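In what follows, chain A forms one complex with chain B and a second complex with chain C.
After this line comes the complex of A and B, so read on.
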């Protein structure tokens, strides 16, 4: 088995952040029925020929969901993938709608905050 | 987007001189995109302030954090617990963000670390050009998509004025006449009738179009 190279990531701090928000985030992740009703409330999803990677649920499952799934044991590459989901594919316009009342922007914002703390965020003068 | 530029570090230092525990808060929105007040700039400012205070043999607690957007109360909530450990806040957001944060924490002094300059476009990395003054009376429909409020020194709605000279503005030979550009654009679209109708004037001041260049990029763009 390969051991994940978590060099450069303060996994203890990531775990701490995940623990702080555990109750609400886990409930939100569990509550998602994968109904995709949030999709059409996302202007990026609509503007990109309904690319499933722009579905709000895809974005939170593959960011904060992934962080919880891995229990915070993530490497820089994974954080980079999360960055693409929460910054490149999301403007955080807070217009996404969930019929079950999941606060999707809050989940995306937490994923961004954790990435930012680990030094992974958009470099607007390099990209 | 809103373009801003960081204040000189001495000005920021003066405003927080009387406080010992300072939290610098960045903004993940426009201020990040224009390289004035994102996480990276928060770290840089705190490093500079730390050195300055150290040289004066002053011990200060300098914290840093960046929220997604300071102009949205929803994203300020996460600061509620953090601010309890500090005497004052330094905001690296635009004027809107500073004011919203000051509104959320009315007992804490909030100091701005950037000057909000304009609503502009990205010309180059770190170089931004003003395009809109948010006057609330958009006339771009009849001016061919060129804003006379931003571009014309007098902000006239029925131009050009008598100061136009060989395509340049009377205030500077480096500034093109906005109304000549409007005329040429409309002529190309066969829409000159649009500027034949008289428009009610507005009273504006300081109508020089501004370009914001962030300090680290000044040498790249200024000779």
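After this line comes the complex of A and C, so read on.
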């Protein structure tokens, strides 16, 4: 297998951040039943023609979930994809509703914070 | 030796219906206790004397008039029940049947009485049969939803199919065994029934089935606008 090119990413720091929140985040990720009942609570999902990529569960699975799945060994491209999920597809309005009580905004906020630390965030003046 | 011979062999059969039953109960209960304690360690009690953004007020007296009914209907329409009524009904039925059917099944209670001398109230076999059929229909609905609803398909992995199968397998095999629909393989089917039930129980605290505890603990004890109970704890 090819080794992931993690150049430009401080993976040790990413791992440290993941470790700090491990218990709650992993339990939350595990408890998600993948029911997608959270979808309609997201105004962006409703406004974007019900695009599945805007479902709150899709966003946290493919951001913080991905970071835990890869144990923090991520490259810049993956962080860029995570950025799209946590900034472009989420306004962090905190209105998402999970019937099981999963704290989705906190998961998105943690993914944002990790991306920001690694210099991956929307740069509106340059894009 | 193939799997059917192995499972219906007397050694495997005795192990599945003997020690493994107790092992699965122990893993299930200890696992649940572990998860609840872990949850308590992750949260703390709220001191409302310091900060109380949502002071609890006495509930208004329940009165049925046009205004209260209209308010209730508007709230329901905007809630998850109004937005996804079919899914809410199906999932509620599924979970009720999942717990109630095995717990109050006559055959299970006879085994319980033989083993520890006490048993629970039992449904008639016919009623338990209906509950099993409802559960299987709900399971099929979940499966079709995973296949055909785009947003569900987008986050579905093989793991979801395995867990759905694990949740419904004890009921499918139980139905096949009770009605002896595969008479030549009865021993195999009943072994699979017991084994799948045990695997399901052991999986509850450590897999996505943990939402069984998560739901009650989080929705009833964490304070938020979606709290269902007192909500006197915070992360």
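FYI, the second predicted complex is superposed on the first by the 127 of 127 C-alpha atoms of A that agree within 3 Å, B and C clash if a C-alpha of one lies under 4 Å from a C-alpha of the other, contacts with A are read in each partner's own complex, and residues count from 1 in each chain.
Simple rule for what comes next: contacts are C-beta pairs under 8 Å (C-beta built on N, C-alpha and C of every residue); 3 or more make two chains touch, one makes a residue touch a chain.
Please read these numbers as outputs of a predicted model, since none were measured by experiment.
Once the two complexes are overlaid on the shared chain, A:22 sits clear of chain B and of chain C alike.
Look at A:124: by the touch rule set out above, it reaches chain B but stays clear of chain C. In the superposed model, A:71 lies in contact with neither chain B nor chain C. Once the two complexes are overlaid on the shared chain, A:13 sits clear of chain B and of chain C alike. In the superposition on chain A, A:33 makes contact with chain C only, not with chain B. Once chain A of one complex is fitted onto chain A of the other, the partner contacts of A:105 are limited to chain B, with no touch recorded for chain C. Applying the stated contact rule after C-alpha superposition, one finds that A:55 touches chain C and leaves chain B untouched. Comparing chain B with chain C, the partner in contact with more residues of chain A is C.
Annotation: chain A residues 106 touch chain B in one complex and chain C in the other. By the touch criterion given at the top, residues 28, 32-35, 38-40, 66, 68-69, 72, 74-75, 78, 125-126 of chain B touch chain A in their complex. Against chain B, the residues of chain A that register as touching in their complex are 92, 94, 105-106, 109, 112-113, 116, 121-125. Per the touch definition, chain C reaches chain A in the complex via residues 38-39, 42, 80, 83-84, 87-88, 91, 149-156, 160, 207-208, 210-211, 214-215, 218-219, 222, 224, 226, 235.
By the touch rule above, chain A contacts chain C in their complex via residues 23-24, 27, 30-37, 39-40, 50, 52-53, 55, 57-58, 61, 97, 99-103, 106.
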